[in-house]
Structure formats: C-alpha cells, structure tokens
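Lettered A, B, C and D in written order, each chain numbered from 1.
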C-alpha cells in the first residue's frame, strides 16, 4: 500500500541479478488515504477505555507508549535506514527535561514536552553530525548511538544536577489537572492523551514521508551517492530526519514520566529502553507506516498474556505453574519465532500478500 | 501464503488472549474490591522480582509471604471477620519499574486489599504512587531509598529501616564497637556502588562518622552491574593507611570485595559493611571461604535469638530446602502486619485497613529496638540495624548486647 | 570562455597516480568524449569533476565559478550532473519517483516535480515502466533511468559514465538520438566516457584520450583515431566493456 | 564512497598488491601504531602517578588492568570472529558464557574435579550448541537487516538466561580453584586464577590465529569474511563456514566461561556483565581481528582501572565509553583494522 518499503533499507539492488521479468507495478502513493485510515482508527479507539476492564487499560496505555517510541525509531532507522541502537537517549531526554522542569520550576509537562522535543532534537543533530561526519555505517553507526545513550545514562548517574542515580518522583497533585497532565487513577484521560500523541506521531510520519525531505530521505537510503549526484543535500536530509525521530521518541519519554510518576537513569536511558523502541517496529514491519503500531499492539500485551497464562495454566500444563522465568522463556521464544518467520514484520507480510493478489 | 497465516495468527493471538486473560473475573470488578461477600478469601498482593537478576531474593520473599498466609489461615484466619481466610496473589515485577507498576495495578483490580513488596527501590517508587492513587495500602518489606516515603504518601509503610537510619546506625555501631575494643576507628575508606542505595548510604554515613570524630579516607564508587575486580581500589585503601573499610553494595560485588581484600591485604582493622547485600548472607562465608572471616555488617537482620523467628527458619528450611534470608522474614512480617490490621479493623475495605496499619503495634521477627509501629511518614519506628560478623565461617549477631549471639571480635584484620 | 574548465587536476591513491595533471575545456553546447584503456583514470576523473572525490591539486571551474572540492550535491545544484557506470537507482521506489526526487532536488515544487518527471520519463522511453519498482528494471531500463534522473535536474553540463555499455546495438540507437537531441534542443553540454568507438565518433565534437592517468592527446574524433599513440595505447588491451 | 573495510584477519585475501609472500607475524605488526599506543600508556601511567601520588596504587591498577583486560579479550575473541565473518552483532554471547559457567559449576560440584577440567567438556559442548543455534536459528536470519538479527540474538539471550534460572535456580553459586592465592608481581598482587585466565587467553588467541592463518578451514573463514561472493565462486560452502565460525566463536565463549568461573559469582545473568564491554573491545580491535580483540581488551582493562584513578567519583565505564567513541570516530575500522 505504500511505496516506500519493498526492500529492507540496506539491500542495494544488484543490477546483474535484477530479474528480467517485469515486476508488478507499485501502487501510487496515497497519502490522503493513509491519513483518512488514521483518523478513522483514532475515532474508533476513543471510546475504548470506557469499554475495557480497568486493568486492561494500563496495558492499552503501555501499547501506545511502545507505539510512540517505535514510530519515532522507525522514522530514522526504518525510513532512513540509519539503524539506531540508542533511542533511549531521546526517550530519556524527553523524560528528564520535562520532569526536571516540573519538579524544580513547576513548569507544566505540556511545555516540558515541547522543550524535551527541542533538546532531544538538538542532541540527535549533534551526535548525528558527528557520526555522519566520520562516516559511520551499519553496525558501527548503531554502536555509536548506543555509546551516546550509555554516556547519558552514566552522566545522569554521576550528576548532582539531576539527582544522580536517585532520579525523580513526579509529585502527586491534590487535585487532578489537565494542565499538569495528572488525572485520577484509571482515568480514560491518560489513554486519550497517549492516543492523541500516538496518532499525531503517525500523522507526522505520514506527512514527513510525503514531504520533500521525506522523499529525499528514501532516495538517500536507497543510494546515497546517486542522491547526492542529483543534488540531494544528504547530510541535511539525514540530520533533519534524526532530529524529527528524536523529537517523536522524546514525547514518549515525557508521557512515560507523567504516567508512571517516576524516572531514574536506568528507566530513562537504559539499553532496554532502546530495545523497546526497536522491538515493535521490527515485529510490526520496519519502514512501514503501520508496522510500529501493529508491533506495539502485539508486544504490549504479550508479557501480560504469557504471565497470566502461566499463573493459571490450563490443566494440561499445570505442572508449569509457578515456575519463575517460564513466562519470559515463552516470551523469548515467541519473539524469536516471529522475527524468524516474518522477517518483514506482520504488516510487511500481510502487505506482500495483498499485493500478490 | 504461509506467511499470511502466521502474520494473522501473531496478530490475533495476543489480542484474543489479552481479551480473556486480562479481564477480571466477575464479582471482583470495581475499584479496590470494596466489600467481600462472606466466605470469600481476602486477597493480599505479593509483588517481587521472581525473575531477573534479583530473583534469588524475590523468590524467597514470595515463598515467605505464602508461608505467612498459610500460617495465619491454619490458625483460624481473620477471627474478627468470622475466620475469613487469606489468599496470596503473587506477581513478578521482573525488577522493572513499569512492569511493577502495571502488576500492582492488576493486583488492585483483582481485589488485593493491600500489597507487599517489592525489593528494588525503583520499583517501590512506582508501586507507592499506584497505591496512593488507588488508596490501597502498600507495605514495603525491602527497599531502602528515603525518597519513597519522602513524597508524603499516606498509603505506603516501610518495615525495613530507611537508608538514613541504616547509615547513621552503621556509623554509630562502628564508633561504639571499635571504642569498646580500645581501638577507636579513625580513618574510614569507603567503597560504594554508584546507585541510589550506595550513594545515599555513603553520604549519610560520612556525615555521621565525621560528627563522631572519624575522618573519611579515599572514596570510590563502582557500577555494581559491571564491576569485575577491586584490587586497584584495595591498593588505594592500603596506600591511604585507613584503618576501616566501609562497603555499601550488593552480593556479587561483595564477594569480589572479599576476594580483593584477601589478595591485596589492605591492612585495615575491619571491613565494615553497611546494609551490605553480601556480608550477612548465609551463603557468603561458604562462597568466599577464609577471605570473608571477620567481616562486619551493620544491617537489618532476622532475629536469631527470637524463638518465633527460629521456628520460621526451621519451617522454611523444611519446606523450601533453603536457608531463609532476612528479606524474606520481612515479607513474612509484612503479611503479619496486614493480617493484624484486618483483625483490628474487622473490614476488608482498603482505606480502613490503611488506618489500622497506621496503628500497628506488633512484635517483629526482625531484630529491632521496639515493636513495629509506624511514624507519620510510614517509617517503621522500631526498625534498627544490628551488627553481624562472620565468625568461624558463620554469620552471627554480635551487637547490641540484647541481640548478641557472641561478642564482636574487633579488630578483625581480614585474611591474616 | 568555456563552460567547464578543468585545470591541472591530480589525485593519487596510496602513491599510485590515478589522475595526473589533467586539463581540458568544454564549450557550451559541445560534446566531449573521453576515451582510454582500462585503468586510464576515466571514472576517477569523473569523480573529481563531480565532487565525489576532492582533487589533491588543480581546479574545476563551471561557468566561471570555482567549484573545486564542492560536495557532490553542490556540484549538481550548480548545474553539472553525473550518471553512474554501475547504475544506482533508488531501488525501493517507482521509476517516476526516482525522477521526481531529482526534480525536487533541483528546486521544483512537489506538485510540478511529478509533472516534470512524467514528461522526462516519456522522453527517455520509460513511459510504460513508470510505475514499476525501479530495482526490477532490466539493464537497458536502468541506463535510461540514470539519464532521466540526471535530466530532471535540468543540468547545463551532463557527465555520462558509459551510458551505452551493456546495451545491445538496437538499444543504443535511440539513446544516441536522445543525446543528440539534448544538445540540439536543450543546449545541454555533454561530457561522456565511452568504450564504444562508433558512438564516440558519431557524437563527439572533440575527444580526450587518457592513458595511465595522464592526457595522451586531444583533438577531433578523426585526429584521435588516426594517431599512432592512441592505437599503441589500446594495443595489447583486450577490448572490453568493463572499465576499472 | 568509503568501501567496506576488509577484515583484518584476512590480509592475504584482502590485500591486492604488496607482500603476498610468507606472512611472518613480525612483518605485519603495525609498529608505528604500537609505538603510539605504548606512548599513550606511558603518559597515562605517568598522569596516574601524579594523580594518585602513590606508586603501589598505580602498579596495582596497571597489573589489574592488564589481567582484567585479558579476560575481556578472552570473551571478545569469539564475539569478534562471529562479528567479522557472519556480520552478526551477537547479544547472546554473554548467555553462552553463562552456560559454560553452569557446566563448570555442575562438574565441580558433582564430580569434584578441578574447574579447569571443565574445559574438556565445555568447549566441545559449546561448539555443538553454537553449531546447532547457527544452523537452526540464525541461518534463517543471515543477510537480514541488522535489527532482525539483533532481536533474535537478544531473544536467545533472554531464553538462555531464563532456562538457566529455571534449571539451576536463582541462588548465586561459586567455584573455587584449588591453590588460588595471591602472587606478588612488581609490588602488586594478583591471584593465580586471574593469571591463569590471562595466560590461557593468550594461548587461545595464538591458537585461533594459527587456526585462521595456517589451516584450510581458517583460510576459508578468512575468505568468506573478506568477500563472500568471491569465496562462493571458488567453491567454498559459505553456509558451512558460517556454521563452523559461529560454533568456534561459541566454543571460545565456552572456554572463557570456564576460565572466569573462579573469578565471578555465578548467576543466570552473570554473562550479561561482559556483553557491553566485549562489544567495545571488538570495535576497538577491529571486527574479525582476534589479536586485535586481545589488545583491545588490554586497552579497555587499563582504561577502566586508570580511569578510576583519575576520576574516583565517576563510573569507570564513562572513560571506557569516551575511549570507545573516540576510536569509533577516528578509526572506525578499529585500531588494528586496515585504513580504507
């Protein structure tokens, strides 16, 4: 359905092996329809928290946070083909900047959200510039992003400025307030805000892909030299992409802090955060518009499902009850199987099927 | 072809399962499980790291909470509520704050009138906020960070002594014991893990020690998750001429410290753990052998002189073929505190249970200076660390006198 | 004044002189063919002129403006565009999108870029393939796509690196006609590297012969082909379509 | 523009021109780089002296740094081989190491043997495990994008950790090397177990080097690392080479596991300790370069220990990452890789 993605980013086509038979035509990009679908989904999902049992709502919000992180990651690493293993840096900056402003200066998290986006974008531009200036590629690029995220974590642990390893509690307010993004426990407002932010992020990624820079980006991903040769400013395209990707992911960090009320360097900058940004995108389909959201929809509840199943196993499996670690084993097995059997991700596999019809 | 099937399945399966697995059983829906029909068990949530790097402690704590529930039910349940039985809902935090948070949410939805947990401070921070917002009492068995109760939460209570108490008493114990031995501690080298726990202990301990007239020697921090050797730090301690080495850390790094002490022989009078995760653990002397002989730890600890505690230790050993640790005894105590409060309130309404917990006055199975009573912030006012020492390959209680199984041996130059 | 002036350009790799003190001029609206045996440094010369490699010495001037050491995209924006001997399509997108991106890079608005791209795609004869994914094109199609993409930038100078190599003689003819039309109708200046002598003879106004990184000679196609030095340089060299 | 750097373990294949004659070790040592490196460390040590003001501490830091560095190198060797040949960032390496730790624990506690005897079991078992994992799990991900491989190896690590947790329980265990006492070296002390681990690391590096340089299998592995398509053209079964390489890499993790067993507390997650540092070492040494991994390990070990002297309040890891980023930017091919 979308023209950007038939190939994984780093497979450059080899003309000598190009099939002589004519490939199926690619459908024209239909950005308008993507936006329409998005709007319909958003409207359909609005009443969800009123229908879901209350404890499932926490899972729904977690799904949306996952989706938000993965949509951000996907902009840079999927559409842009620049594999980041350090998106924790941006998530953490979003979380820390907004909470620091809130706790120390009483600034509303909504403003913190914007400031966090700016800081994350600036940081991404800086490290992006360094990594591109020194022409890091592939695994080396990924490891450099990882190293920067780790350095932020270590700096946070060792800086009095941000409370060292203790981190921050978001203060509970006596009254609930939209201005300070704090509502009654179980309030649907959390879901609605997360939904709004996620829908906005997906819309941004659609509009970005449609934009001049977004189309440059795909060209740069497919062949950097050729893009430069026709006048595409490669460096600027990549930096804008990284900044946008970082800004989107930082929103997830800000919301996370307001929803979970607590951050510390590991929660914000730990490598598991970077992995959480990658997982949904890969499971759902890298470099697709809908992949990250679909991946989050599958992964978000998976942990709870395996844990619940093994807590009250069906009679046949009752000997497994209470074996600690088993739920994680099932989770890991499912993860490996999905990645092996669906290398294009769930959405990618479904889309290929539709196309072949 | 095949791929579509798999994709469809991968998409549908978790969603379908989430729909059934996640929904609450009818009858317990509604926030906080307000009132219970007669005969229905009263649910208590136990939230601990059952997997991940702290699984050893987490599983013990969950086991001990189960034992407590069994013991209370065997003794007739909650008598003021017609002998109502307790039921423990176990949950795995995986040591991750966000998992802990959503599991706490789930336990509350499933009707837990109170939650016991959680070991890691980062997880407890999250769960405390959830408990506060849902108005369900949260009894912290283990988690030392002062910040958890510094938020002014009304629904969180802590059994173990706070970091401040641990560190200050640790310095005081050092002062008392070394002075009584005629070799007052003068210069203290400090080795601490760089997380919130080790950093807070270091800060408070240094202040207190200085106010007692000691000086602080070299201070070194380390990352507990990745450190693999301490010989350089130990050489620095040796070179500094410090007479005591204070260590605030966890189990794995504690073992490395012991090995480095044995190798370098820093020549201190004592290795002094403060709330150390290794030096008072029963498996520690066996793991490091002679290297750990004489190590001190000023820490909260189960009371080996209390017959009730001894009975619990025996029961645990018999049932789980393992030596019960202090953390697990605290979980046991936490369930006792909740049962006692249910008894006094005669109601399973979480807010009433909370008020009853605030009025607790119960003898602890942990060595403490008084019964469990909660102060205005929810700290256990009876909680206090005691001094343990590794003597002849065993961890024994040595100070203060009322808990001493034998006298402290000071100086205890290690690995000599 | 010539449109493109290359003066004393040199570049060596690990002590090996790939391009050594090469100079040439190209007048506006003319066609320069560059020939030479394998390893003569033709592609390196292209890379130096187009900015993919920075020369260690010498200057490149386009329409009086010194563009030496410009990044490739700046060179393109200045009006000089190159194609690649080994075709480099934007493989994941359609033929039309390949060309539209190039048009946008030259400053055309998104809306106009699609229209311009459609025209160019028709002109190079890729019309019926415009919606195909470009990585699936056969070699002849990819060669045309290289050309189409370069044209979308509306260049004043076009640097073509073996656009005819790998094509059958019947496929070559329309491409050569197209190149002639570009000069005649659009006034585009062409510099092309080519092995196929018939094409060089037919298209070029003048020819530059490279050998071992240096200019062996330059002159009209007739002068060059009859020069004994050129014949000697090619002697003992297997005729092949693949350059280094 | 920049070509993919040919792996440095495969110089005879990668080098087009120049010395194709007998590859003597001394002739290939990049002497200038070694000299610069040694110079750096002399300065670093001198600074440490000024900062610590005490010779004993610095001597201990250097000795400890070298010995720990040997262990890092040991762990990184298998990883670098896999990285260089299969192009896979293997996050399960630490988990494989943990398997070897538990093999050692089990043998010592059940059979009462010297922990080193476990080498004879752990290495072949891990070799087979590695071959199996490559054949049945990773083979399906070869040539797939980086992120797919990353997630599969992460999943494997999670799986192995938790299988160990279920099988052996969460309680920490330990292994004792008989006669493991402190030894004085230049006024610093080291334990026998560390010296042993260091010594075996060097022997293992030498063995791997010989394997890669002097055997048919090694030549084939280097050929695949340098140019997969070319290797296929000359009739090398690349799938077999992938399997063999992954198996050898995993066997290295097995050997490392046995050797570090006396040095660490053994828990299901112990292997994760080494993962991050091992990656840093691999990049530092140049991916695919076994000798580079050993030297990289030494550099990281020294950086960590001397860094702790410079900045006692800061995490030693911070200096490790600073060095890592500098190397990435200035020599992305690694200290011992070839310039492009």
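What we mean here is this: a contact is a pair of C-beta atoms (placed from the backbone, for glycine too) under 8 Å apart; a residue touches a chain by one contact, two chains touch by 3 or more.
Values in this document were obtained by computation on a predicted structure and should not be read as measured data.
Enquirer: Per-chain C-alpha centres versus the global one: which chain is nearest?
Expert: A
Enquirer: Distance-wise, how many Å sit between the C-alpha centres of chain A and chain D, to the nearest whole number?
Expert: 32
Enquirer: Roughly how far is chain A from chain C, going centre to centre by Cα mean, in whole Å?
Expert: Taking the average C-alpha coordinate of chain A and of chain C, the gap between them is 42 Å.
Enquirer: Where the centres are mean C-alpha positions, what is the separation of chain A from chain B, in Å?
Expert: Chain A and chain B have C-alpha centres separated by 35 Å.
Enquirer: With chain centres taken as the means of their Cα atoms, state the distance from chain B to chain C in Å.
Expert: Result: the chain centres lie 73 Å from each other.
Enquirer: Where in chain A do residues touch two or more other chains at once?
Expert: 157-158, 225, 324-325, 328
Enquirer: Spell out, as numbers or ranges, the residues of chain C touching 2 or more other chains.
Expert: Only 52 qualify.
Enquirer: Give me the residues of chain B that touch two or more other chains.
Expert: If we look for residues of chain B contacting two or more partner chains, we find 51, 55, 58-59, 194.
Enquirer: Chain pairs in touch?
Expert: A-B, A-C, A-D, B-D
Enquirer: Residues of chain A touching chain B in their complex?
Expert: 53-56, 58-59, 62, 157-158, 164-167, 169-172, 184-186, 256, 260-262, 264, 266-267, 272, 283, 294, 297-299, 301-305, 307-309, 311, 322, 324-325, 327-328, 338, 341-342, 346-347, 349-350, 352-353
Enquirer: In the complex formed with chain C, which residues of chain A make contact?
Expert: Residues 3-7, 11-13, 15, 18-20, 22-29, 211-212, 215-216, 218-219, 221-223, 225-234.
Enquirer: Note which residues of chain D are touching chain A in the complex, please.
Expert: 1-2, 83, 87, 89, 137, 140-141, 144-148, 150-152, 154-156, 158-159, 161-163, 165-166, 170, 268, 276, 279-280, 283, 287, 313-315, 317-318, 321-322, 324-325, 328-330, 332
Enquirer: Would you tell me which residues of chain B are touching chain A in their complex?
Expert: For this pair, the touching residues of chain B are 1, 3-4, 6-8, 10-11, 14-15, 17-18, 21-24, 29, 31, 50-51, 55, 58-59, 90, 92, 94, 96-99, 101-102, 105-106, 108-110, 122, 125-126, 129-130, 132-134, 145, 147, 151, 153, 194-196, 199-200.
Enquirer: Note which residues of chain D are touching chain B in the complex, please.
Expert: So the residues of chain D touching chain B come out as 52, 54, 56-57, 59-61, 63-65, 67-68, 71, 162, 165, 169-172, 174, 176, 182, 188-191, 194, 263-265, 267-270, 273, 276-277, 305, 308-309, 312-317.
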